[in-house]
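What follows is a pair of complexes built around chain A, which joins chain B in one and chain C in the other.
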Partner chain A sequence: MNAFLAQLLNGLDKGGAYALIALGLTLVFGTLGVVNFAHGALFMLGCFCAVTFRYFLTIETVTIDPTKLSPWGAPVEVRTPLVQSWLGDWGAILVDYSVPISVLFTVPVMLVIGIAMERGLIKHFYKRSHAEQILVTFGLAIVLQEIVKSFFGANPKPQPIPADLRMAADVGAWFGMEAQKLTYPLWRLIYLLFSLGVIGAVFAFMRYTTFGMVVRAGMADRETVGLLGIDIDKRFTIVFGMAAVVAGVAGAMYTPLLPPNYHIGMDFLVLSFVVVVVGGMGSLPGAVVAGFLLGVLQSFASMNEVKSIIPGIDQIIIYLVAIVILLVRPRGLMGRSGVMES
Partner chain B sequence: MTEQNIGRRRLLKSMSAGFAATVASPLVFTSRGYAQEFCNNPGDKDPIFGFNVPQTGTYAEEGLEQLKGYELAVKHINGEGDGGLMNTMKPMALKGNGILGRKLQYVTGDTQTNTDAARDGARRMIERDGAIMVTGCVTTGEAVAQQALCHELGVIYMSGLTHGNDTTGKDKRRYGFRHFFNGYQSGVAIAPILAEEYGRERRAYHLTADYNWGWTQEESIRDATEALGWETVKAVRTPLGIGDYSQYLTPVLNSGADVLILNHYGHDMVNSLPQAVQFGMRERMANGKQFEIIVPMFSELMAVGAGDAVKGIIGTQNWNWQLEDEGSKAFTNSYGAAYGEPPSQSAHTGYVQTLLYADAVERAGTFYPPEVIKALEDFEFDGMGNGPTLYRGSDHQCFKEVLAVRGNSNPTSRFDVLEVIGTTDREKVTYDHAIFGGELGPYEPNQC
Partner chain C sequence: MFSLSRKDVTTLAIFSVIVLTMPIWLSPLGAAYPGLMQKFAIYAIFAIGFNILFGLTGYLSFGHAAFLGVGSYTAVWSFKLLSMDMIPALIFAVIFAGIFALFIGYFSLRRSGIYFSILTLAFAQMSYSLAYSVLTPITNGETGLLIARDDPRAIDALLGVNQTTSGMPTPSLLGFDLGGYGGFYICAVVSIAAFFLSQKIFASPFGMALRGIKSNQTRMKYTGFDTKPYMLTAFVISGMFAGLAGGLLAVTDPIAGAERMKWTESGNIVLMTILGGVGTLVGPVVGAWLIKYFENIFSAINVNMLNAFFDFLPEGMQAVMVTILSKFVGEGWHLTLGLMFVVIVVFLPGGLVEGTERLMRWLRRRSKERDEPTGQVASGRTGNE
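Right after this comes the complex of A and B.
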C-alpha cells in the first residue's frame, strides 16, 4: 500500500510538470491555432532564467591571501559573494532561496520573450498550414537552443534546493500513518503544489476576468468578437506571453529536480505534445487531466511488480496510451469534436 | 661526327658515383619500406597524439579535466614546466626533449560522451590528422569502441577513465592499454570496508546505469557484497542520462532493502545521489539498521557536483591528490601551478597514460607499435602515485593499490570533498586474467 501511495505521489509530481507545459501549449493552440514546437524551448528558457538569476547572485570578488598557501603551493584565493558582502545574512538567504525567488525574475522576462516571439515571428504564420507552423517553430526552437548553448555551454547547470527544504516530508505521518512509512521529497511536494497553484491561477484568470472571458469568446468565434470592436489579436498576443510565462515558471522551479541544459526543452516537448494529444488539442482541462494521468501511469509502470511482468514498460507507457487514445478517440479525452481529428 | 673523350679521372668519378648509388639504394628503399610498415609513422616529422575526450555530454567535466592532464604531459615531455612525474617515475627513459628527440604535437576531439562520436573522432584523428597514438574516454563504451578501432588500424590506444571489466576483459585488444582500475578491483577493495562499517547482514538494492560499465560494476559489487553475506534484494537498470531518478528511487523505500548501491557515474550519480538523499534515505531506518547509500566508483568532480549529499558516502577511487607519496605530491604541485587547483583522478590518468606511452617509445627506440607494445607489456614502474605498478602483459591491465574513500563530512574547500579511508594492496586486487575471457590478438599491425 505504501509503495502504491509513494508511486502515486511521484506520478502526481511528474504529472504537474507535464500538465504545466501542456497547458501553455494548448493555450496557444486554442487561441491562435498555432502548433508551437518552440514551446519546449520556452520551458528551457525558464530554466535558464533561474540559472541566470543565481549567476548574478553568486558573482564573487576574488582576493589573494599571500600569507596562506594551498597544498599545491599556490596562494589561497578568498572568494566572497558580492550579495553576501552587501546584505550580510540576508544575502546568504537570497542565494540559498535563489530558485523560488527566481520565479519573480522569470515572469517578466518570459512575458517579454513570449510577446516578442509572437509579434516577431509567429503572427506571420497564422494563416499558413500546421506543417509550416511546425517547421518554423521547430527552427526557432533550435535557434534558441543554440543561443543558450553559446552562453551557458552544453553541460547541465545544477541548481540547489534551499537548505531548509532539502529533506523528505513524512507524508504518511500527516495522515495518521506510522512515522517514516511514507516519505517524499519536500521540494517535489512543493513543485506539485506550485503546479496546482499555477494551473488554478490560469483557469481562474480565464474564467473570472473580463480579459479571460473575451479570450474564451475569441477561441470560440474569433470573427464575431472582432466584429464587436474588440482587438482580439492584441489579447491573443498577451495569451501567447502568458503561455510563455507558464512554461517559464514551470522550468525555473524544475531546475533543482533536473539540472537544465540547452536540450531540456526538447526532452519535455515530445512528452507535452503527447499530453496535449491525449487530453485533446485546444482543451485546457484536457491538458491538465492528461498531464496528471500520464505522469501517474508512467510512475506506476516503473514499479518493480509491473516491470517484472512487462520489462521496459516504464519507457513506453506514455506512447502506448497515446496510440490507444488516437485509435479509439482521435479528438483526445476532452477535445472538441472536429478539432485535429482527421 | 662528335668525338667523345672520356678521361681517366672522369671515368673514376662516374664509377664511384655509380657504386655509391648502388650501395646506398637498398638502404633508401628499406627505409621507405619500413616507413610504410605501420600506420602514421612520424618518420622525420614530429609525432602527433590524439586526445579524444568528452567535452560535451554527460561526462564532459571529467573529459575536460582529462584533457588538462594530457596537455600538461605534453609540456613536460617536451621539456617545458617543472617536469612533474618525469622526476619521480622509475624507471624513466624520457629526457625532456620530446620523444626520440622530436617535439610532441597533439590534436583534440570531443567524444560527446557518445560511443559512435568517440569512434568517429578516433578514426578522424588517425586518418586525417595522422595520430600515432590515440587516448582518452570517460566511459567503457567509448573505450571499447576506440580500442577496437585502433587495433583494427594498427594504432595504440591508451584508455582514459574506463572502469568496466570488459575493457581489459572480454573486449581487450593487443593495441589497447588501461591504467585505470576496474569494477572487479573496486569490489575487492570496498568489501572489507563495507563489512567493517555496515556489518555482514545487509539487504542491498542496486540502481545501475544501463550500459556495459554499469553491468560489470553491478556484477563485481554484487559478487563482493554477496561474498560478505549481504543479500541482493533487487537490481534495477536505469537509462543513461535520464536526470530524474524519482520513479526508480520510490520503489527502494518499500523494497525491504537497507542499503542502496548506486552503480552510476558522472552526471548520473550527481543526479541520483542527491535525489536519493532528498528521498530521506540517509535518515531512514530499515530492518532495524540505519539505511546506507554506497557509490562504489567515485570521482572528485562527482563529489563536488553532488554537494552535501556525498558526505559520509563510501566508494573507491583510482588516485587522490591528497596522497602523501612523492609522485602524488609532485603531480599535485605541478598541476596546481599550471591550473590553480589540484588534479582530479581523470587528469592524473590522462597524464600518466601519455607519459607511459612516450616512455615506452623511448625505451623501444621506435614508434613501431609491436615494439612499443612489448615495451609496455609487463612493464614494472613506480613513482606515479599508486605505488609499485605492473602493466600486465596478458590483458594490458595495470595492477596497483586501490583506494577506498569517503565523502568528507567537514571539507575545508571544494577540493577535499573526499577523504582516503583505506588502501588495498596490489596483490589483493590482482586476479586471473582468464576470468573475464577475451583475446588480445596479434602484434603485427594492420595498415590504416
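Right after this comes the complex of A and C.
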C-alpha cells in the first residue's frame, strides 16, 4: 500500500511537469492554431532563467584572508557572493532560495520572449500550412538551443534545492499513518503543489476574467469576435506570452529535479505532444488530465513488481496508452471535433 | 508500363545525370567521397518514399524511421543467415518493412490529422524502445546488430561461396565487391529507379485518387469511393521505400542500430521533405541532400580552415570574421541549419522547389512589366499577391 502511494506521488510530480508544458502547448494550438515545436525550447529557456538568476546572485569577490591558513600553510581564499556582502544574512538567504525566487525573474523574461516570438515570427504563419509551421518553429527551437549552448556550454547545470527544503516530508503522518512510513522528497511535493497552483491560476484566469472570456470566445469563433470590434490578435499575442510563462516557470522550478542542459526541451517536447493529443486537441482540462494520467501510469510501470510481469513495459507505457486511448476515443480524452483533424 | 509523359522523361533524364555525375560536381563542394554520396542517394530514396504518403495524401507520419530501422535489421539478418549478397537482403528488407507498415498503417489510418501523426509517432517510439530493451535477442540492443565471421549464411554455404579467408565478409552484388564507388553507383541506380517509380505513381490513376483524398476526403467518400484501401496502399508503399533505404544503409555499412528508429530520425525526414517542397517530385530529394550536406560538411569545418579561408583579410578583420563564423560551423552547424529552416520558410513558401518556381515567375512578370509599362501593370500586381 505504501509503495503504491509513493509511486502515485512520484507520478503526480512528473505529471505536473507534463501537464504544465502541455497546457501551454494546447493554449497555443487552441487560440492561434499553430503547431509550436518551439514550445519545448521555451521550457528549456525557463530552466536557464533559473540558472542565469543564480549565476548573477553568486558573482563573488575573492579576498585573501591572511589570518587563516589552510592545512598546508597557504592563505585561504574567502569567496563571498556580492549579494551577501551587501545584504548580509538576507543575501545568504537569497542565494540559498535562488530557485524559487528565480520564478519572479522568469515570469517577466518569458513574457517578453513569448510576445517577441509571436510578434516577430509566429504571427506570419497563421495562414500557412501546418507543415510550414512545423518547419519554422523547429528551426527556431534549434536556433534557441544553439544560442543557449554557446552561452552555457553543453554540460548539465545542476541547481541546488534550498537547504531548509532539502529533506523528506513525512507524508504518511499527515494522513494519520504511522510516522516515517511514507516519506517523500519535500521539493517534489512543492513542485506538485506549484504546478497545481499554476494550472488553477490559468483556469481561473480563463474562466473568471473578461480577458479570458474574450479569448475563449475567440477560440470558438475568431471571426465573430473580430466583427464585434475586439482586437482578438492582440489578446492572442498575450495568450502566447502566457503559454511561454507557464512553460518557463515549469522549467525554472524543475531545475533541482533534473539538471538542465540545452536539449532538455526537445526531450520533453515529444512527450508533451503525446500528452496534448491524448488529452484531445483544443481542450485545456484534457491536457491537464492526460498529463497527470500519463505521469502516474509511467511511474507505476517502472515498479519492479510490474516490470517482472511485463518486461520492458516502463519504456513503452506512455506510447501504448496513447495508442489505446486514440483508437478507443477518436479525439483523445476531451477533444473537440474538427480541430487539427485534417 | 514504362511510358512517361515527355516532361517526366526529361525530369528523369536530368535527375539520372545529376545523380550519376555526383562525383564530378560534388568535388568542388568538398563532398565527393563515396560514404557521403551513398547517404545522399539513400536518403533521397527515403524522402521520395515519404513524399508518396505525405505529399500525395497529406497524412503526416511522424514514425517513418521505424521502417528504416526494420529494413536495416532485416538486411543485416539476411547477411547473417542467408548470404552476403545484397539482392536477398534488399528484397527481405522491403518485404518486412512493408508488413510492418501494413500493421502500423492499419491502426494509424483509423484517425486523421494530428491524431494520425501521434499514433505513428507512438508506434515508432515503441519499436525504438523495444529494440533497446525486450527485443535485444533480435536487435542486439545498444551495441547494434553486427555480422560475424562464423554466421551460418545458408545460401553462401550451399553455393560454396567463400568470400574471404581473412577479415570480415563484406556485402556484395553477385560476387562483385561493393566498397567505395561501387557502393555509390549501386545506391545511385536504385535511387533513380525509386524516382522513376514515384513518377509513375504520381502520374497514375492511383496517384490522382490519393490527391483527391488530400484535397477533400469527405467528398471522395460521398462519390462512393472507398478511401481506406488507397490510403493503406500508399502507407505501405511509402514504408517499403523506407525499408529499401534502410536495407541500403545496411548494405553500405553492415550494422543496424536502434537509434535509426528514434523520433529525431522521423523528424529529420519530415523536415527534409518540407524543406524541399511537399508534393513535388524533386523537392524531397533536394531537401534531403541539403540537410545531409550541412550535417556532414558544415560540421567538419573548424577554426583552422576558416583562418586559412580568410587569410587575405587584414589581421584584425580576419580574427573578427573567424570568431563570428566559427559559431556557425563545426559544433555549431545546428545553428546554421535552424536559421536556414527559418529563412527558407519565411522567404520561400512551399519549400525550395515551389518557392524558387514562384520567385522565377515573379521575376519574369516584373521584367515583362518593365517592357510594357501600360495596361498590364495592375493585373500583374494582383496576380502575385
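The working rule: the second predicted complex is superposed on the first by the 327 of 342 C-alpha atoms of A that agree within 3 Å, B and C clash if a C-alpha of one lies under 4 Å from a C-alpha of the other, contacts with A are read in each partner's own complex, and residues count from 1 in each chain.
The definition used in the following text is that a residue touches a chain if its C-beta (ideal position, glycine included) is under 8 Å from a C-beta of that chain, and two chains touch if they have at least 3 such contacts.
Everything numeric here is computed off the predicted structure, so don't read it as measured data.
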item	value
Clash-or-fit label for the pair chain B, chain C on chain A	fit
Which of chain B and chain C A:Gln180 touches, first, second, both or neither	first
Touched partner set for A:Leu320, first chain B, second chain C, both or neither	second
Which superposed partner A:Trp86 touches (first chain B, second chain C, both, neither)	neither
Inter-centroid angle chain B-chain A-chain C after superposition on A [Cα, multiple of 10°]	70
First, second, both or neither for A:Val270, with chain B first and chain C second	second
Partner chain(s) touched by A:Met281 [first = chain B, second = chain C, both, neither]	second
Touched partner set for A:Ser299, first chain B, second chain C, both or neither	first
Minimal inter-chain CA distance - chain C and chain B, angstrom	8
Intersection of chain A interface sets (partners chain B, chain C)	315
Residues of chain B that touch chain A when the two form their complex	56-57, 60-61, 234, 236, 239, 243-244, 246-248, 250-251, 253-255, 267, 270-271, 275, 277-280, 283-285, 305, 307-308, 321-322, 332-333, 335-337, 340-342
Chain A to chain C touching residues, read off their complex	35, 121, 124-125, 128, 130-132, 134-136, 138-143, 145-147, 149-150, 266, 270, 273-274, 277-278, 281, 311-312, 315-316, 318-320, 322-323, 326-327, 330-332, 340-342
Chain C - residues contacting chain A, complex	54, 58, 60, 107, 110-115, 118-119, 121-123, 125-126, 129-130, 132-134, 217, 263-264, 267, 270-271, 274-275, 278, 327, 332, 334-335, 337-342, 344-346, 349-350
Of all residues in chain A, those that touch chain B in their complex	2-3, 6-7, 9-10, 13-14, 70-74, 77, 153-156, 158, 160-161, 166-168, 180, 183-188, 257-259, 298-299, 302-304, 307, 314-315
